[in-house]
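After this come two complexes, each holding subunit A, first together with subunit B and then together with subunit C.
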Partner chain A sequence: MESGDGSSKPSLAAMTCVLGDLSQPDGSAELTHGGAVVRAAVYGPCEVKMSKEILDKATIEVVFKPKVGLPRCEDKSRERLIHDVFEAAVMVSLHPRSSIMIVLQEMENAEGLMATGVNAACLALLDAGISMKFLVAAVVCFVKSDGSLDLSPETQRGQADLDIVASLTFVFSEKDLNIMCVSSTGKYSVEQYDSCLHLCREASKSVFKFFRESLERKLSKSI
Partner chain B sequence: MADEFRTAQPKEYYRKFLEKDVRPDNRELGEFRPTVLNIGSISTAEGSALIKLGNTTVICGVKGELAEPKTETPKEGYIVPNVELSALCSPQFRPGPPSEQAQVLSQFVADVIKNLGNWCGCSALKNTALPTVTVDEETKKVETDFKQQNMLHLSCCPISSTCAVFDDTVLLVDPTSEEQTLATGIVTVVTDGKNICCLDKPGGSPLTDSQMRTCIERAFQRHREACKLMEDTLCSIDR
Partner chain C sequence: MAAHMDRIVMPGDKICDLKESEATRKTILGPGLRTEGDCVYACKPGVLKFREPNVYWIDTHQKRYVPVKGEHVIGIVTQKAGDIFRVDIGGSVQASLSFLSFEGSTKRNRPDVKVGDMLYCRLLVANKDMEPEVVCIDGQGRSSGMGVVRNGGFLFKVSLNLVKKILSSSCILMKTLGQKLPFEVVVGLNGRVWVKGRSNKETIALANAICASEHMTNEQIKVMCQRLADAVAGFT
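Here is the complex of A and B:
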């Protein structure tokens, strides 16, 4: 995923994924992006708890498991974000009164965990063969204290980069690359927002390409 | 008749209004509900504020306490935001432990306060929540110290504003709870006047750049309006 031309333009860190390595779920993926590693599993469409049943569409359930300890408020807000993204992206009306469950396990925490989580969930849904209206790709962009932008900061393991003043996570839909979701930390100006958006939109194209290639590789057979 | 129509076909009912660029409560698409602000109404808290935005009322109190700092940040205080959605306020809320919605809101408030980036012993009042009908927000701060009163210094004053997306195209500023349930997406922008402090669009229908731009511009405009209201209110109380 490196830009390859040696230019100083910010580029995405390398991504690797393993599809369908878990035997019990209907679809699974482990995605490594930079320092962040997330494993995702998808079950469904299957039976739904009566209290969560929706008459005209499938219920999307998201569980985000932290590396250690019980889920906290942070994880709840991640769950909500992923839930809202995939409720719009998955064709929920195809499976009324059923449940599609997305389970995410944080394996390595680093900057951009949220984006890796969304991308892992998308790969797991593809692996499970759930029909979607469009693919989604998440890209995270960092604003440094000198105002420069970066897509893949070099952080030391377990140490937060003090140089980062803000981070923006964008989720794009493949159709027209419109903005599905934005979440941000830190303060930044409107101009910085615009340039981050532009940078992330360009980077999202390579994420979509990565999804396509990973799936092609998994589905192709040697003769 | 209109009431039956509203209950049976809420989306269709709203579309009829939106065709004419007006909302059922007589507001224009980009108009906020009337805002009422009262500062310092809880005498037992270090600082407090009550905000009414249409039928949404949020009351916020700040309690300061001497505590041991966290080991990761030995030189800093910390803030524990807590959003309570009481069952007295709306049938949407159930009594018992904090719902997922309350936890998500608490986290959102925590993120916004963290972005203030200042050292804090005790702190700003701020919130995003809903007693009576809807989700909405505002900010405020004040603080006391037994004999001498030290006003808490805030590095900036964040104001949030929310837009709902109706039918993937129409943007409704400051949605009521009814509008919010019908909406296909929500965008919340928190600004401090110069910068964006927090941008939150959790999924929902995809938006184009120009729609996002509109939300951000409206948030900056709202910041000016709200700051004026806040200053006026702060001037009118003596502490």
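Here is the complex of A and C:
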């Protein structure tokens, strides 16, 4: 996307997704966004372990599996973040004393894995037909060493990470595009934060549009 | 209203201008719709459906069953605990089944039900706050087709949409298949289907035909049934 003043405006990398290709889970999605690929599976509402049972709402369990090895601290923090986002978005009070399990498998790691994970989980929940209050979409924004902002993780592939001084992941709800969660690393100024937020909020509209198009494709086939 | 018919909606979509019934000024909201304040929102992704005079609901593609009172389901007995059986009906919690809720059963005359048996039963209690309860009798104490399903056959799982499709009166799948080969079938609204043909070969063919019919139109189903009958008879 080229803006009027000659400088190119940062835009999102292309997204592709496959819905419901796994037979065992109740809903599944594989989302490719730039260089990051995440496969998500949703089970539920199903039986919950006694220790995790909540009397008046469903327990949301999130498991983030890295490509190799055991889950590390950063994976656990991702799980926590995704859990908190979807606890707000899913209508948990509809299924008390049951569990909704979201399993995320990292297929390809790249900058913006967290955002791709949130979006893949949202698509898998939609595929499973789980009741939600609103849709959520995550967008990641990078601050480069020269102070410029970039949205598309694809351009970072293969380049030295030194060029990126900060990355900010925003999660928006579709209702009024309010922020649900922000996760950031690195050093950035308040002005940079504000411009990142503005940029991501605009970009989230195209993510919501993508969700709609993907689901419309699926539903036009099945119903 | 025509503008609403068969539109694809997503969770969080606001749905305006719902048609009210003229007498009561009310609208009936079915699955997938919720109210917040004065507005109606969708909470599931799917196709918004409408039926005269004032009924709205959302048709979603789902695999997981959520028990609904009065629906007929296929369950599997997993445990026998005193007077009660535990039955897996595919929901979040196992359903309970009293040994007295079979036709003709009394405290002396217990029904012959073992762990692992397959049951065709009806949900008597289905509530998000309570354990579901199933029975194998109707209001008059008759079995009316329900009870333990025995003698072989094949049980498989399909999506909830396919089950609703084959049970709807507009779908000709069962009628057409029945003209080609004789078979027995039990369809549970929890996405489980049991079929039994004359031989194992026919049973497998029937199961494949039912699975394949998910995205087919009535015309395509007719063609498929013809090809299936030819294949089973050995013409191809």
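As a working rule, the second predicted complex is superposed on the first by the 205 of 223 C-alpha atoms of A that agree within 3 Å, B and C clash if a C-alpha of one lies under 4 Å from a C-alpha of the other, contacts with A are read in each partner's own complex, and residues count from 1 in each chain.
The rule is short, and it goes like this: a residue touches a chain if its C-beta (ideal position, glycine included) is under 8 Å from a C-beta of that chain, and two chains touch if they have at least 3 such contacts.
What you see is a predicted model, and the numbers here were worked out from it, not measured in a lab.
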For the overlay on subunit A, clash or fit between subunit B and subunit C?
fit
Applying the document's definition of touch, where does A:D84 land relative to subunit B and subunit C: first, second, both, or neither?
first
Mind working out whether A:K175 is in touch with subunit B, subunit C, both or neither, as first, second, both or neither?
both
Please work out whether A:D26 is in contact with subunit B alone, subunit C alone, both, or neither, and reply first, second, both or neither.
second
Once the structures are superposed on A, label A:E74 by its partner contacts, choosing first (subunit B), second (subunit C), both or neither.
first
May I ask you to decide whether A:V190 touches subunit B, subunit C, both, or neither, giving the answer as first, second, both or neither?
first
One more residue to check, A:E47. First (subunit B), second (subunit C), both or neither?
second
Touch check for A:F211: first (subunit B), second (subunit C), both, or neither?
second
Tell me, in angstrom, the smallest C-alpha to C-alpha distance between subunit B and subunit C in the overlaid model?
14
Subunit A residues touched by both subunit B and subunit C?
173, 175
Okay, in this complex, where on subunit A does subunit C touch?
20, 26-27, 43-48, 91, 94-99, 126-135, 173-175, 211-212, 215-216, 218-223
Quick check: in the complex, which residue numbers of subunit C touch subunit A?
8, 10-12, 32, 34, 41, 43-47, 59-64, 66, 92-93, 128-129, 159, 161, 214-215
Which of the residues in subunit A end up touching subunit B in this complex?
73-74, 76-77, 79-88, 168, 171-173, 175-176, 178-190, 193, 197
Complex contact set, residues of subunit B against subunit A:
100, 103-104, 106-108, 110-111, 114-115, 117, 156, 184-185, 187, 192, 194-209, 212, 216
